[in-house]
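Next come two complexes, and both contain chain A; in the first it sits with chain B, in the second with chain C.
Moving on to the complex of A and B:
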């Protein structure tokens, strides 16, 4: 087998770069085969479920073999992505290396070779990130596809490539039903019953199938989980923003004089939300089956839409930060999100989320989906000038109102508590100077 | 309905022995308390009165002695039915059962037949401790020259015991104490004195299409109850009552697994080298390409049977275990 006659080498496994990461994609290799590598140098960029993270080299040596090429997707944590060697002359010996060590397998369709004992050795414990781990924590699966014997036979009989199928059996094993569904939905199935499609006389649809990005999958699964398991309810209130706008232009004239960046309405909303959470900490909580965890930190996630997808970076301890700091941080995080370079610490640990479709998009009012495990999210609509009746019969005034909607997890936040929070929030927005108190 | 008759397993066994004794004067019963006491579990009730002490022998408490006498009588052409008060006590006499009874036909090049039946309650009853609760199905079923039967219902009990007594070879007949008092519907056909079931043929107790549950004896009842629960959740389980542990009806088991693609095996005995393991091997050998899930094996816990009632329950397969294993076999993430 390949392991026995190869010189000493390190198998680099897909690192676990976040607590929820189970698989990753290789976005880009910064080193190529044959390159000398030193500790701290970036080997490649890994696209995790949350962000694209640089993977650094831990030891000196040479990159002998890239096992998972640029663009490889859904690589399990621990799966071998590359081989490094200590001696330059050993590089060539890994030209044809495959981690699953199937080199000895007969060229004909033989029974899968059992994993060599070498791969069954348990990796010594090491702390993540684990790029230098010499043995992956699970036996490397390589290109091995797990399928039940029946599924294998059906696939062979119908010329179905198993690698095209996502298994739904235990541990992702491909079972008979997966093959049946594949056959039903594939071209084979379509050619098998062409009469049906001609019968229906509907014009063929013109479409393009867009593969899921990692962030799209995470967004889909987390939001589906949220909307299906969290009992949502929604509270909407109008907040008069005249004083807020006046304060903002006042502050921005100071900022401009000193050459600083302008403060946005959203920065003020984040600040007001943070202070309201201090006042009504029940909304700054998480549901668990055994207890409700009420956070003492007020960390506010801010939803940022980018070309790559929706990110929610976090402003930590927003209740204790000034408007300049909040504004600066939000700008920096949004920039990072657009460049796809958010680090885990940039988006983890949030306790409340603010989503603003009013300012940038002119959305009047909307209901956001709670960002689990948080208990509430604030949806900010656009400020609008209105005519309000005055005191006398023919009197009227003008005022600007910004509607906001709080979505709550009813398991954690009861209606009156949500209302109390909105009252506090509205108080800060309508009398912004009270945020100084 | 007026025609639906019921019969207990006890009466089924008793009537089977009675009819075979009546039909063939060579048939006789022997064992501890089978005569004057009418049987420790009343399986031989009324036989002493009907056939007299020459054909219903009360033996001393010495399995090694009376089993040897029984095997000798079979060598000489009689057809003994030897009762063990429990199969745990057959350990005293296992040399006679295996070395003297099972191997003689082969070693004599077919000149000696040993038409003997060893019968009695096998496996766990309730609260009788490790030394009285073991299942010997796997032990005896591993020996060439023996036939091993395990009835579940009254029909099984009648048909299989009559077949065992008529068979020219030694048969180990494994009953279950907890089934003796259970009543089952019984057909007119099964009540006929000529009724007999084939040795080596399993019975499909319930037809299904999603998963095959193979088991024997008391566990057949559990499997049927599990199948009912599974049906409520949309899983259609086929339940196979082995009836015969040796010869094992590989054909029926494999045909069913080829249909359902999934197998759950259940036995009360220990898991290692058990009947379940043998069934699993037969399916992997003959129907590997038909399996859509790993074979699930539900067996007794790998410990001597605990005496405490709570631990005893935990050490034996339960209906919910069978349900859970069947669901595992049918699992899909969507």
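Moving on to the complex of A and C:
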């Protein structure tokens, strides 16, 4: 602890950088131990309850010791986070320094005098001392009795001491009904305790707080940004996948014969989407404040859920790649995502996204959130066998349908254009051989 | 004799000479007081961040030369009235550190009995008519003080300070108009620190030449980072006000802190700008250089002086912390003028109530 043998130094406490801040996290240190610091320079970045704020240094000197390392969380306001000294030679003497456990909020105390913390914590001016014994569960805030103005008036008029009454209003506030009840009960006889001993404390919840991972933060902020700024609308269409399935099993039998990996429905969907984007390039665009950028490349992101979070690696130039290449790339990227080894070039530069919850999870149909700055995202549901009315009475056929939903940024893609795209997509899915053309 | 580093720019008047008389004692005093002000404001910053000062708090660091230069040119009979950035003006008027920190932390020993807080410092016995919380409202009040001074033939003047943000308020022009009509000894001092609350000067003011804003009233633009330029200008302005009526002084200065404690001060300007001003225009460094170049003290002596000041400030804080908070009944005093039979009370009429004598 800070013995008196230490040279003069300043203890820098966690600053209160917002009026409601009680604790903070250290996001980043901009100075290292031993660095020279001058007034106005940024020491570190502090995450308050509201924002990340730069904490400025006020003294000239040297940063001798960082007590709370980068990433430290929930540091109480006033808790020592660092030590500065005036003389460079003194830096070394704080190597093994641990702050004295004084949690009292008084940083930059120059003298290390271990004087007992004299300052009294802001004492609430106490109201007249009432015997407290009779109030078992008034809410925790000090001596103040919370009551509505009407209740106060009523209590005053009837000479009822507020401290004898247990509030049933919001947060234990005394309301008119409580006074009425008290008057009624005390009128009837003796001091019948209020019968309902309402336990103001709800049974404690059992929970665990999971800290945000980086990917969670990014996902959260980008999706919130998307939903808040992009005017979404959704178009759903059913696509008959009988021919697609037939083609797939045909192709897979070739693949098996040659020892290749099988082609999935999703690979076909990616290919069809890429070709549809060629046909309707308006959907292959990005909104900016000044112009709409229409891309000549068709790079399709594929959403992959992993244990670490949601990744969307990209298949570049999907319109110009064959199904085996697409299949191979998607498999590889998904593998990399699971191993958390995606490189920036593996997920950057996408122009359109496909999310498939149908195949792996059996989700019938859903609406995805546009992946900014892209203009559209395709949500693929699960294929389902249906009965389709035939030509004559009592005639019917079976067919498999896969519903897909396109979410569009209306600033870029108008409804009819989105519909145009879906028509093209449906065309490729329902007549998969046309993809060869 | 010291030459001011920048010439004065005048509007409707002849600027004063650039050479300022001084003494070695004055130079050292300037250094000491300004360093004390700086240290005091930095201590206030720490106290605020430790939640020992609550509510509003506006710091003066960077602008010390204005307070000190003005004080050097006038007497305690001359009145000063300012806005909420008032700690250092109060100190300049002869207030003590103990009063400052007690007031900031809401203790009985504060200059406003701990009931005013950061924005409401007063020292009537040395004609300091306060920090005022309402932007710009102190200027008409200051003109009223000047009226009283003229009426009572006191041969004194009033300095009404306001910021570049408040300079755009209508009431300033109304007060200036009547002051000019009646030739009141009012000096409007615009402390132009170039930023209002979260806003740069150029976003808020069509014409940033505040010294010319008086139109029919003369004005003078002063380097507000140079204590001697401020001193010379205030001397000149006092003379002018006594003889001819109101005048506007624009002090070109800079605040290192944000507007208030809730403004980090780095969103509307770059850190490079702040550190540039610190390096090139800092008012204390300027005096320090003068002291050193005239061999009035050694670097070591100045360092020791700073250490002494730090101790002085720390002691004042410790003393202020020991001081009790005001009594609850104080809530109801100093609200109405005594003797009118009024009664003040809180929401519960029985518990806390005070009848005024």
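Here is the rule we use: the second predicted complex is superposed on the first by the 236 of 437 C-alpha atoms of A that agree within 3 Å, B and C clash if a C-alpha of one lies under 4 Å from a C-alpha of the other, contacts with A are read in each partner's own complex, and residues count from 1 in each chain.
Methods note: contacts are C-beta pairs under 8 Å (C-beta built on N, C-alpha and C of every residue); 3 or more make two chains touch, one makes a residue touch a chain.
It should be emphasised that the depicted structure is a prediction, and the values quoted were computed from it without experimental measurement.
Participant: Under the stated touch criterion, which partner chain does A:15 make contact with: chain B (first), chain C (second), both, or neither?
Facilitator: Only chain C; A:15 stays clear of chain B.
Participant: Mind working out whether A:40 is in touch with chain B, chain C, both or neither, as first, second, both or neither?
Facilitator: A:40 sits against chain C, while chain B stays out of touch.
Participant: Between chain B (first) and chain C (second), which, if any, makes contact with A:175: first, second, both or neither?
Facilitator: The first partner, chain B, only.
Participant: Could you say whether A:248 touches chain B, chain C, both of them, or neither, answering first, second, both or neither?
Facilitator: Neither partner.
Participant: Quick one: is A:148 in contact with chain B, with chain C, with both, or with neither? Answer first, second, both or neither.
Facilitator: In the superposed model, A:148 contacts chain B only, not chain C.
Participant: Check the residue A:336 against both partner chains and state whether it touches chain B (first), chain C (second), both, or neither.
Facilitator: It touches nothing on chain B or chain C.
Participant: Check the contacts made with chain A and report whether chain B or chain C touches more of its residues.
Facilitator: Ranking chain B and chain C by residues of chain A touched puts C first.
Participant: State which residues of chain A lie in both footprints, the one left by chain B and the one left by chain C.
Facilitator: Touching chain B in the first complex and chain C in the second, residues 149, 152 of chain A appear in both lists.
Participant: Where on chain A does chain C make contact in their complex?
Facilitator: Spelled out, the residues of chain A in touch with chain C are 13, 15-19, 38-42, 53-54, 58-59, 77-78, 105-111, 118-119, 122-123, 125, 127-128, 149, 152, 156.
Participant: Mind listing the chain A positions that touch chain B in their complex?
Facilitator: The touching residues are 148-153, 168-170, 172, 175-177.
Participant: Within the complex, which stretch of chain C touches chain A?
Facilitator: So the residues of chain C touching chain A come out as 42-43, 45-46, 48-52, 256, 262, 264, 266, 271, 274-275, 278, 310-311, 314, 318, 321-322, 325, 327-328, 347-352.
Participant: Mind pulling up the chain B residues that touch chain A in the complex?
Facilitator: Against chain A, chain B makes touches at 261, 288-293, 328, 331-334.
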